[in-house]
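Below you'll find the structures, each written out as structure tokens.
The same chain A turns up in both complexes below, where it pairs with chain B and then with chain C.
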Partner chain A sequence: MGNYSMIGHSVPQIDARDKVRGMTEFVSDLQLPGMLYGKILRSSYPHARILHIDSSKARRLKGVKAVVTAEDTPRVPFGPRTEDWTILAVDKVRFVGDEVAAVAAVDEETAEEALDLIRVEYEELPAVFDPIEAMQPGAPLIHGKERNIVSEFQLNKGDIERAFQECAVVYSAHYFTNQVYQAYLEPMACVVQCDPSGRLTFYLATQIPSMTRITYAKALGLPLEKIRVVVPPYGGAFGAKMETNLHLAGAILSQKTQKPVRMVNNREEDFMAGNPRVPMYIDLKVGASQQGKLIAKEVKIIGASGARAVYSMAIVATACYRVDSLYRFEHLRTEGVTVYTNTVPTSCFRGFGNAQMTFALESTLDMIAEALKMDPAELRIKNGLKTGEVSIHGWQIGSSGLEECVQKAVEASGWKRKREEKRFGHGIGLACCNHVSGNRAFSREFDGGAGIVRIGREGKVLVYHGESDMGQGQKTVFAQIVAEELGVGLDRIEVAQVDTDLSPFGMGSFATRGTVFGGNGVKAAARHAKEQLCEIAAELFETVPSQLELREGKISVIGEPERSLSFEKVVEIGVLRRGGAPIVGTGFWVPDTVLPDPITKYGNISPAYPFACQIAEVEVDTETGHVTVLQYTAAHDVGKAVNPMAIEGQIEGGVVQGIGWALMENMVVEKGKVLNPDFRDYVMPGPLDIPPIHSFLVEPVDPNGPFGAKGIGEPALNPSTAAVANAIYDAIGIRFTELPITPEKILRALKDHQKNK
Partner chain B sequence: MIYPMKLTVNDELIELEVPAHRTLLEVLRNDLGLKGTKEGCGAGECGACTVLLDDEPVNACLILALQADGKRVTTIEGLSKGSNLHAIQEAFIRHGAIQCGFCTPGMILSAKALLERTPNPTEKEVRRSLVGNFCRCTGYQKIVEAILSLAKRGDG
Partner chain C sequence: MRLKPFEFLNPSSLEDVFELLVRYGNEAKCLAGGTDLLVQMKQRRILPKRLINLLPLSELKGIHKAEDSLRIGALTRHVDLERSAFLEKGWNLLALAATKIGSPQIRHLGTIGGNLCNASPSADTAPPLLVLHATVCLSSLKGNRQIPLEAFLTGPGQTGLREDEILKEVILPKPPEGSLFTYLKLGRRKSMDLALVSVAVLVTINPERKTFEQVRLALGSVAPTPIRARAAEKQLGGNLIGEEAIREAAETAAQECQPMTDLRATAEYRREMVKVLVERAVKQSLGFPIPPTGI
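And now, the complex of A and B:
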């Protein structure tokens, strides 16, 4: 193992040359003949009944081609999880930003002008914005569900009461993780084209092309084959770009006008009607023995789904129990509630709930370590799951590099020395995390990945997959995997854009699943193509396929390098002998995961579990409350690193998002209205706000990942907020339990702290 | 009102007529089809629309096209000659400074302006020069490394 020509090599993205020249056509750059421009009229009320919509003036405006309201849509309730969506608001609006009407016009300016001409008469309804208030009896009902509860999650193991009594240390705290925005650089966008037969082609920035297709078929009342989804390059997503009514409004406008329609959110719309992170109240109580063995965990989470559930209930569930497979807890009591509020629907953002809970748990563990006078690093190593262990929920840890991650990070950051050199205002903090590479619980139907490899007469290899490259470099990883299998250079490989007419059915890019699922899918396809090439070559060399190898662009008889033909020669001969048929390899990979039991949650939700340890070193200015992150160390168990440079890029980007969340990022929402829907007031880390980030890759070969690889996307961010919070605690002795930890909060806390002294 | 104007875009003199309120970004993207210049916020905050106006980086979304009358504009499309990339483009590729690529054109143009002004920048100077260009994917580190790799060292 390990003598690879492609795997493990740092290579630039295969489309980097286009990107640096500005030649990449992103979704918002697409221009089809006769294309119209769509805009959405959004509610300015958080909760109101629609009494009347008058769009006659808008319709008469020169250049306007269509104005649509719910009347023009099927009005079928739909949604990825709970059927609480309609394409345009029917009868009432439920958040500021809710889609009320849509316009298509010859240009964007005209479309915007038309929006101003639509008159909507509303009757305002009482609204509720906080999930705890929304659960109270008598709170206004948003979808008519009792106490506005979307779903409840419960999971209990062992005897929690007795366990806490027996613990030497018990720490409880109330945490709050706020609502933050993904802030990808390209706002949500699409072009939708309705052809004369009524078939719709969606050019979408979506992480989940095939699942989006299913959801949209239902929303539009169309059979699946009437919908085609194509995924051109798009500008970042971080979880946000899944289903959105923006796409469906585009579809309705295209049906109406029989023209292609482009819809692009402006930045303000993207803030108010995007898909920000699920905010959570987390009550967490953890107990440990005198020896530092973690024994019991009790958690109660209340998460705000906003006005539509989207994936929030699954995110709250993940927050509730994923960390139980990071450490060896024995007794658990878990309660999670997801609640509707009259705010923007919240959903996936890098970490999928695990990021929220990791902040709470890893902050708590530092307090336990302190109470036990134990090194926080040692506490993690002592309790962390190791290779071959099965977690309390049945997760089979095929490989765990957690201990090595902690050791690497501790060593590289100067942890021991810096923990001892106490100086007020200066601190160092550590946090760990686990995650999944794909989540079996996400789709009950199936688990797996697939690929197609098509080699034409000229020897060019075209790879089809059904996932989605949102900019993270997934296509390059797939190209590396196929190139490795076929023994050719990357210049011979192209990765097709996802097109549901051609690509395999893929679940998409979320849950850090791309490398493992898509990678195994295209690997199987490449292997199938390779078998065919070997059969062709075996005939030419009068040998058997097993005696052949593919390396360095050649197919040769093993041990007899003089008996060899170039890859393209074998392809050409094969294609011509087969009447011109290309060499097509199809392959799939179905992992040995186990769907969690609906009640006990016992199962094995992922084929490969990544781990990490991050260490932040901070300086707190006690005059201003400003926190400077001085150094950052991130050690990640990524399995076999397919493309180390790309993985470092993921880590660096994730850490910076995490630092932003820890210290500054916050969607300020007042009475349901986002008060800072722009990049001036929504403060994110810029190039001067961040330290050098030292990444270390820990590479246990995972038994299930392609070439031993695991995912990296989400773990890159999961521990960052807690690492920063723990460093601040080390610096000034104050525990912050609410994100973000702003200078104002620090100053206030320092003042209170002095008063209490 | 529609006004005539002249613009030298990537060394090519262009004469066109534009309404007074049209931004330079709209002219570049919609009238001239130069879509390498991106719109990320429309408010001069993200830097995705950075172009060079008489060699100075500006946010094309904040400038009216008519304000650029008679001036020279360099967009990302003007940086490479045929298949020969500019050294900054090569450095971005080599260092993995690109993820989704939406900020990349603006980043590269900001970097070009910096390196012309300050051929041997410090890391701090590089970071400072990128303050107006947001990147949400990379955490800036590899972008900074790419630009620093081009610093002309050895001149004190």
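And now, the complex of A and C:
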């Protein structure tokens, strides 16, 4: 283990000071000279043919600079995965919120007023909202695809029928995970500027700047070099902020008006046309031996993609098979179907399908443990993958701290004692999870990370990366890694905003990949800069570069501290000797992950796999049905923690989100319309609903992560819903299989339970 | 959504307000804290052409104590109720309810007059005021009139306020000596929520005979307006204090309310919760232990 000056030290996020003082300019704060304000006219029908659009009145309104419809767009089908998008609706609308027309005006009020003046004649079409109904013969077709099926996923291993027959315990249940909204602080936003040459600069809140650029080039019919994406600070994403038509409508308006155009969703629009979580029906059957060895798993998942596929099929696929690399299942039968519905397109949300499946699997495992009269913690430890194992799908577990996570959480939460002190209404529940740090199956073109480190004459270190900091603390981690390599303080480091004109081509921030991929990328770049500095210093000290070290802002000859120069001095001498050229380090990192086989899904998809165990303790008010979470313990295998304070923040955030999902959060959709598109009725936990959260970091040094680090973003939430559901089961003996577990559901179940006694 | 354009009128006296009301009638709305009004305007549920700003009018502010009553100006904010030294003994019930309204930000803007004129069935100040026998003073060019709060609240979003009137103040008579009271509010979370059900209770007891004397119960969110649960009150008044009696009265309260189903809860659940909350509220007012409940 290295003796680090930066890595493993808790430091406040480098942009926190500006944020808490209100100094940070978020995307929705940006002002460019001559900027116009855009708004989108959205469909109020879930499924309808557009007969006619009359925008003449809107065009005549004072202050309106452009009104555009599909006629003004290339009308090229495009999309990140399946090409079922158009920028504005062509011929028909497919969900309430679908983009029909857009307006640019001198202010937002005028733009909104203009929307009211656009007349759209619709012919309503039959619509379908539930994925199971959408698959039935005769259901209205949303994109003309047979049975509305976007994609199917199948995976079979071993001999499932025989395996189940040989199991001592088999438990099956039907689960439902509902549609929830990411509820980031800043709704989706952009500013788009078209320059006189026709080149577009997009200032975007996006997690995937480089990939977005490719998708948008296709949508706009432009060569890639005509598009530049810049990512200013933005207010959270949790998976939702990838591609969105909002950005493209802004581009069309900017092309039309030759002015910069700012587009910001209001909260209602963000609920109705954002990218909420893929709701899933999950039929799960799991079998185990008398000794508690998990043997067979059969799952059928039906996921609703909404009116555009976005990434839903990949999310359903993940739900189908990721947990197979958490425990040692030997026999599998898996079927996943992703289905179009006339509802808001659903997509990525922290956990990417693994969160949905973890709810089902970890609930099921508690029922199996009970049937076997086994401690649920022991069941997990017995079956969990260990360091060095290769999972049934070929995942190479370079490090696994799962067992230690379970032990830590069990010990810290008082698990054994609290399970013994049984009292009706009080319960404790445990759940585990695995995840990835980057997902090769999702990064189809290539896998890797890159960085550029530029050191100017004054010794300031500017770090370029191609990922995306949405507030999770990525910038700080990159700064720490570069500072560690160069032996300087954080005050010397600045992390540049992503700009596709300057930054490396990064895959972006998803799949919990930032620390491992971006971190390894900037680490390699810093190494390269360091080599150059050592060459310069070696000449000055008349030695060889390998005899030098960079520490505490100095470059010194190893073992001879009196022979040293300050970092800035070496940089200055180097830059001046090199005709003013800055020290530029570039570097990249490519892991040996593989694209899974299309049929068998076999292949190591990630360089590093994080694990976790969370324990919730609850009190159920059996008269009101209200659940109070009393204590929460979360032990996470994060590899070497680069910034422990930031990781604890991630864990707390994930747990809060998980508790909200478990107990209250729910998008209520009736006939395709979201009935609660606001924070009054989309209820999320407040500070009083959140218990003390005790975080524990388990730090096996991973062979692939930078300094041994792994990701944390998504696993922070994955097990939380199941931990709460298991605690409720322990408290009142009722198994809830549908989220959220609301007071009404609990009360009704308690009554039914009493009747049946 | 943004606010639609409107004319903002800044009267400098109550007389000016009255004249503007006469001139503009239902085209104008009075602005106090704006925590309900501006939201409704943004949602386009109402689109008044004019807003009459009441905020500068000091005669509508402040809490004044008289011999045997308390007069609370309509512009008194929830946070003022929470902190006022005048709201002692039985009147403290109102302060207790004020602490459970919205967020601190809302409580620094929202006013008692606004809360009553908005006339939501879930208005948090209403159940306590009902059991405190509040009357409201309505004022116009024609003068003042005083009506009981119960008569003022006529339906969801509806009051006895005439187009030319404003609610000037709320008047509270002295509560009975030895009043025991509490306010319970059940939300979907433990703070910052609308009431699914709320219960205000005020009782006096005869400690020697161990009986209830006066019993006043009011319920929020379970009828078109906040209501008194009179049948339940009658059932307890004068009778022996006991768990069984309280439970039976709670069931009566559940029967006499008229809840409805909406996004937040079903009618059945609300009715069931009236039973639970009335029982707990009466017990808590008597000092019996109850489980932690709601907001």
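Please note the rule applied: the second predicted complex is superposed on the first by the 757 of 757 C-alpha atoms of A that agree within 3 Å, B and C clash if a C-alpha of one lies under 4 Å from a C-alpha of the other, contacts with A are read in each partner's own complex, and residues count from 1 in each chain.
Basically, contacts are C-beta pairs under 8 Å (C-beta built on N, C-alpha and C of every residue); 3 or more make two chains touch, one makes a residue touch a chain.
Every value quoted in this text rests on a predicted model; they were computed, and no experiment measured them.
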Which superposed partner A:687 touches (first chain B, second chain C, both, neither): both
Which superposed partner A:281 touches (first chain B, second chain C, both, neither): neither
Partner chain(s) touched by A:95 [first = chain B, second = chain C, both, neither]: neither
Partner chain in contact with A:652 - chain B first, chain C second, else both or neither: first
Between chain B and chain C, more extensive residue contact with chain A: B
Which superposed partner A:183 touches (first chain B, second chain C, both, neither): first
Touched partner set for A:271, first chain B, second chain C, both or neither: neither
Common ground on chain A, meaning residues reached by chain C in one complex and by chain B in the other: 266, 680, 684, 686-688
Touching residues on chain C, where the partner in the complex is chain A: 1-2, 4-5, 186, 188-194, 263-266, 269, 272-273, 276, 291-294
Sites on chain A touched by chain C in the complex: 108-109, 112, 266, 268, 621, 623-624, 626, 628, 664, 668, 675-676, 680-681, 683-689, 743-744, 747
Contact footprint of chain A on chain B as seen in their complex: 34-43, 45-46, 48, 75-77, 79-80, 85, 89, 92-94, 96, 98-105, 108, 124, 126-128, 130-131, 134-144
Chain B-facing residues of chain A, complex: 10, 12-13, 15-26, 28-29, 182-187, 233-236, 238, 266-267, 470-473, 645-646, 648-649, 652-657, 678-680, 684, 686-688, 690, 692-693
